[in-house]
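Structures for review follow.
In the two assemblies presented below, chain A is common to both, partnered first by chain B and then by chain C.
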Partner chain A sequence: MIPQSLFDNCAVLPGWDKHLRLEAWKNWRSMATPTIRDEAWKYTSLARLEKMVFSPSTPAPSTLTLNDIPLTFPENRFCFINGVFNQRLSAPLTADTYLLSQRAWPKIATQYQTAQSYFERLNAAMLNDGLYLDIQNTTNTPLYLMLLEDKTGGLSQHHLRHRIRVHAGVKSDIVIVDLGLADSSSLTTHVIDIELAEGATLNCTHLKKASAPGYAIRQTHAHLAKNSRFTHFNVDFGAKLSRNEIVVLLQENNASCQLNGLALARGQDHIDNQTQITHLAPSTQSLAHYRGMSDDKACHIFHGHVLVDANAPDSIVNQQSKNILLTSKAQVYAEPQLEIYNKNIQCVHGATVGDIDEEALFYLRSRGLSNEIARQLLIFGFARSLLETLDDNTLQNELAEWIKTHLALDSELILDCYKEPDHENTH
Partner chain B sequence: MLIINKLQVSIQNKAILKGIDLKIKPGEVHAIMGPNGSGKSTLANVLSGREEYDITAGTLHYQGVDLAPLTPDERAHLGLFLSFQYPVEIPGVSNLYLLKSALNAKRKHQGLDEIDAIDFLSVVREKMKLLQMDDSYLYRDVNTGFSGGEKKRNEILQLLLLEPSLCILDETDSGLDIDALRIVAKGINLMRNENRSILLITHYQRLLDYIKPDVVHVLSDGKMIAEGDYQLAAVLEAEGYEPFIQKKAGD
Partner chain C sequence: MTKPNQTLETLLQQNYEHGFVTDIESDTLPPGLNADTVRAISAKKNEPEFMLAWRLKAYEHWCQLTEPHWAHLKYTPIDYQAICYYSAPKLKDGPKSLDEVDPKLIETYNKLGIPLKEQEWLAGVAVDAVFDSISVATTFKDKLNDMGIIFCSFSDAVQNHPDLVQQYLGSVVPYTDNFFAALNAAVFSDGSFVYIPPGVRCPMELSTYFRINAKSTGQFERTLIIADKGAYVSYLEGCTAPQRDENQLHAAVVELVALDNAQIKYSTVQNWYPGDENGVGGIYNFVTKRGECRGEHSKISWTQVETGSAITWKYPSVILKGDYSVGEFYSVALTNHHQQADTGTKMVHIGKHTKSTIVSKGISAGFAQNTYRGLVKVLAQADGAHNYTRCDSLLMGTHCGAHTFPYIESKNSRARIEHEASTSKISEDQLFYLAQRGIDTENAVSMIVNGFCKEVMKTLPMEFAVEARKLLGLSLEGSIG
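The block that comes next holds the complex of A and B.
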């Protein structure tokens, strides 16, 4: 994947701790590439990826403009292109709440001491750039973090690590857009560390549309203090390999998280969603609801693990995975797992895998809708019903548009009816 | 006109309908009553094109067209409408969208342009008013989280909007309280005219107190065992199905 010579010749980031980098490299080299014999990689083979050699990222000038990105952005946004911060497309809010690159390293490096997994170690060794966000005040508009990949003309690799801290009692909304516009294979790793202080709230929406031939491994680690709340909405439009690992620690009383995920796998996409929630304190709550749709020869994996510690009585756990298979060659693996060490908790979990609901299909057709349109509508409805959990209506509608495009749904089919009713005009 | 001739239907090799004859002319309202398991809902489902049933003998024609080879949507375009006994919940699909796309599918079949959004809202709101439904129904997902009564009302809303020429109402009265029953019956009665046929499938006389049928049929064990005018419903209510079943067995 990355030979020694490539590491040796790779430019060291200004200000980045050389010793740390070398240690990380050694750590990574000392670890064998996970195989399907490893529980966490049971359904995802890295054999092909291991044989590929990816060039390090070069901060070549990019001609990307905001028009290339199918989203409406608020003013505050940070853009990274091919793993490097891009000033031209960025419009950060206030300078005192963030640190970039060299200034961010001391804050980011502290997190590396715990780098355990194969790709986290690789990320530490080959890191390109990163952002440290220190959110001290509640804002009404979401902050966008754009992680873009432009054409590089060959096999390339990009590695980013960010750290986000939300102060006590502060509420923040962050939208992370992982968007690949390249047509050649690439390897990207993104690691995001999140810390919520007492009573803090972070609503994080993470859209992932990697370059189709790309390999993208993303890890999110969230630590939650007393009465804090973390919501994460993960929408993955697939890639050659798109792996999302979300690890949440509910460390203090009454901390809660809600992890929602939507995986829309088509063609030969492989989407691997792994969630791990640990309840460490009393009255903590977690809800994980992942939905997957596999079309063509695509594969979706949901592996959800919830651990309730003996010190976490009165906790509430709800873990669900719903999946639809649209062809006989598509695959789904749904594994919601519970590990409970306290009897005084409320717990619900379940997983379903099936075809499109035939009863609903018949109902729509009996109202005059063709088989094709009725199917499209049910697929869209399957995805959309989870989007409804998003509070941000603008984002909800934009995501609905992305889904329509991604699933090649008839653009005439989904009308403006889905938008929030404008009672002023329609009455 | 709907003409059903010696219809035999089975599901998973089990015979359900064992030779049904039925003719419904334009403008007529027919009611089919019968005990549980007699085949009433099967008849409704076969008419609307549900695929898991096998027609083993006999024919179904509507307006001179053989229904058997037609898909459910083709039958809807021909003017058939089934009000479901158990309307299906469809999360993620708004009621407004279903209503609009169903109406536009019909208009397209008729060679008409799609209805303008403002015109559509005005038409649908007028129908909703008749059924005492508020605007929130439009933006809720189809039948999702609706009470039994709300679901049935929603079926009648679709009926009023799509204006089918043959309405098949499968136990529309079940799950309705008296007030809701009156509202639903009012909606159905509004649809009565000289060109439209209505087939009511019900267990109970109470719906027929509000919608007076021209003909009442009694279906038992897949066969029609009695036929009469609306007064037959009162006799059934008083005596039950058993005397009719025994009389037929004795014939």
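The block that comes next holds the complex of A and C.
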């Protein structure tokens, strides 16, 4: 994947600690590439990726503008293009709340000592840039973190690591826009570490549309203190390999998390969603709801693991995975797993796999809709119902538009048939 | 809640009811495993050439394998060279009737509550009892013979029906399947063989009781059941074992073949010695059970009540090859003290409109770990396949664990898979409600657990349901904390 010579010749970015980097490189090299014999990679083969050689990205001036991204952006935003911070497209917060690039390094580097997984180690060795965000006050508008990939030509790679801290009692919303605008193959790894202090709330929406032939590995680690709440909404539009690993540690009393995910795989896409939630303290709650749709020859994997420790009585666990397969060549793998060591808990999980509900289809057809429109409506409804868990209506509608475009649904017809819910009444 | 719990604690501490050893001279091979051991076993059983060749191939394959450790189990490593691979009760000539059977054996079965004679006449059950590794008593043979049903020990089948054995042996569980299946194929000593001819409905429940007896002896049973076109058979398997201080290995293989329109119902009550309350001793139970619905509209149904063994590693599976075939798996797995169970099923949908149902109830008490591990796999050609899985866990102790590892793999858009699971405990409210009505904690727990397992228990044949309830009652109580 990355030969030694490439690492040696790769320019050391200013401020990055050479010694730590070399350690990280050795650390990565010492680990064998995961194979389908490894439980966590059972359905995702890295055999092809392993044979490819990716060169480190060279920070070239990009001509991208905000208009290239069909989203409404508020004032606060950080933009990274090809793994490097881009001043032109950014409109950051006040300077005391964040650190960038080399200034952020000491804060981010502390997290590297615990790097366990293969791609986290690779990320440590090849890191390009990063952001350290210290959220001290509640903000009313969401903060956008834009991780863009522009055309580079050839096989490129870039690696980012961010650390987000939310202070006690502070509520914050973050939208991560993870976009691949290149049409060439690339390898990108992004690691985000999140720490929530007592009573903090973080709503994180991760919108991911990696470049179609790309390999995009994302890892999110969240540590939750007492009474804190973390919600994560992952919308994945697919790529050659799109893997999302979310690890949540509910470390103190009454911490709660809600992980929602929507995977819309088509063509030759391979979306691999992995969630791992660990309940370590009493009265902690977790909810995970993942929906996946596989069209054409696409593949979707949901591997959810919830562990309730013996020291976590009165915990509540709910894990759901719903999947639809639209063609006979598409595939779905679902593994909603539970590991429970305490009896005083409430715990349910469920998984379904199937085609569009025949009865619902019949119902719509009996009301005069054509088969095609009825199907489109049901597919859209399948995705849309999960979007409704988002508090931000603007974001909700924008995502709905993205979904319509992505699935090539007839917007006009759906608009006619799909009555928008009255959010003021329903929420 | 403390007072009734103390009573239950004492109940829980009671000794293993079936813990005793019958003193019978055994014909035993020295411990250790090599190609000569395999040859010796085959020679002792006077097997035809094809059997020896098959065993040796299995042994060679086994030598290349390493023991799997992916299951959620912790146990001291097994020394395969310390195990004695053949032990047969010494019988000068095969018994022709029950009167000729060693009275000590009969006594053993009586202690276990299997009065052969009474069963023969009252319950209408034909018993092929396996003592250690050799079949010693077979009843109702004549009646079954008249209908063309073959129900005999595996060794007899190898001698008398080599064609059938050669045709079906290893066709569902090949020796290459897994580590324990390869070991079994190399050294299996005996087991049961059933063949139901086309269109015949077996008039009685066929049953075999297994029992480990000779010290340091692993048991390697092999059961093969074939239901030809339109046939029906219900087979019962029950296990009890005497008390031991050292761990014993049990690696059985069960193969079922159902042809067009055939039905096989296989029920198990497993009560091997689970070890003492400190986790010392107990049976290691590594079993490969698999059925193949080879024909259209065929059906295979597994029902198991697992209360024994220190370690259970068992996944009765169904390969749904024939169109419109049906697979079922009903399971109650109960673990107490330091028992560990990693059990579940595999349903592989290959044929069109195949259907499978999985109902699993796991109960965990004391320091036990109970894991459900199940695979539902739908291949691309299995149009209209349908699976429903329900797995519930009940936790009864502060130090135990209940885990669920389902694997769902679908490659067909016209298949429907539903999986649901829950984990809960016996609530104070339930116990209080029953106490209010004058039911003591012991009975209340028993009622609640039996209610929890009802869905599975009702699929058991009558005789087994009684034994299963008794077993649950014995093993469960006292674990309310």
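In the analysis below, the second predicted complex is superposed on the first by the 415 of 427 C-alpha atoms of A that agree within 3 Å, B and C clash if a C-alpha of one lies under 4 Å from a C-alpha of the other, contacts with A are read in each partner's own complex, and residues count from 1 in each chain.
In this text, a contact is a pair of C-beta atoms (placed from the backbone, for glycine too) under 8 Å apart; a residue touches a chain by one contact, two chains touch by 3 or more.
Remember, it's a predicted structure, so these values are computed and weren't measured experimentally.
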Does the superposition put A:344 against chain B (first), chain C (second), both, or neither?
second
With both complexes overlaid on chain A, does A:382 touch chain B (first), chain C (second), both or neither?
first
Can A:207 be said to touch chain B (first), chain C (second), both, or neither?
neither
A:325 contacts which: chain B (first), chain C (second), both, neither?
second
Touching A:366, do we find chain B (first), chain C (second), both, or neither?
first
Let me test your reading of the model: by the given contact rule, A:109 touches which partner, first (chain B), second (chain C), both or neither?
neither
Chain A positions touched by chain B in one structure and by chain C in the second
none
In their shared complex, at which residues does chain A touch chain B?
357, 359-360, 362-371, 373-374, 377-378, 380-386, 388, 413-418, 421, 423, 426
Hey, which residues of chain B end up touching chain A in the complex?
48-51, 71-73, 75-77, 81-82, 84, 87-94, 96-98, 100-102, 105-106, 109, 117-118, 121, 135, 138-139, 141, 158, 162
Could you list, by residue number, the parts of chain C that touch chain A in their complex?
70, 72, 378, 380, 393, 395-425, 481
Chain A to chain C touching residues, read off their complex
39, 43, 310, 317, 323-355
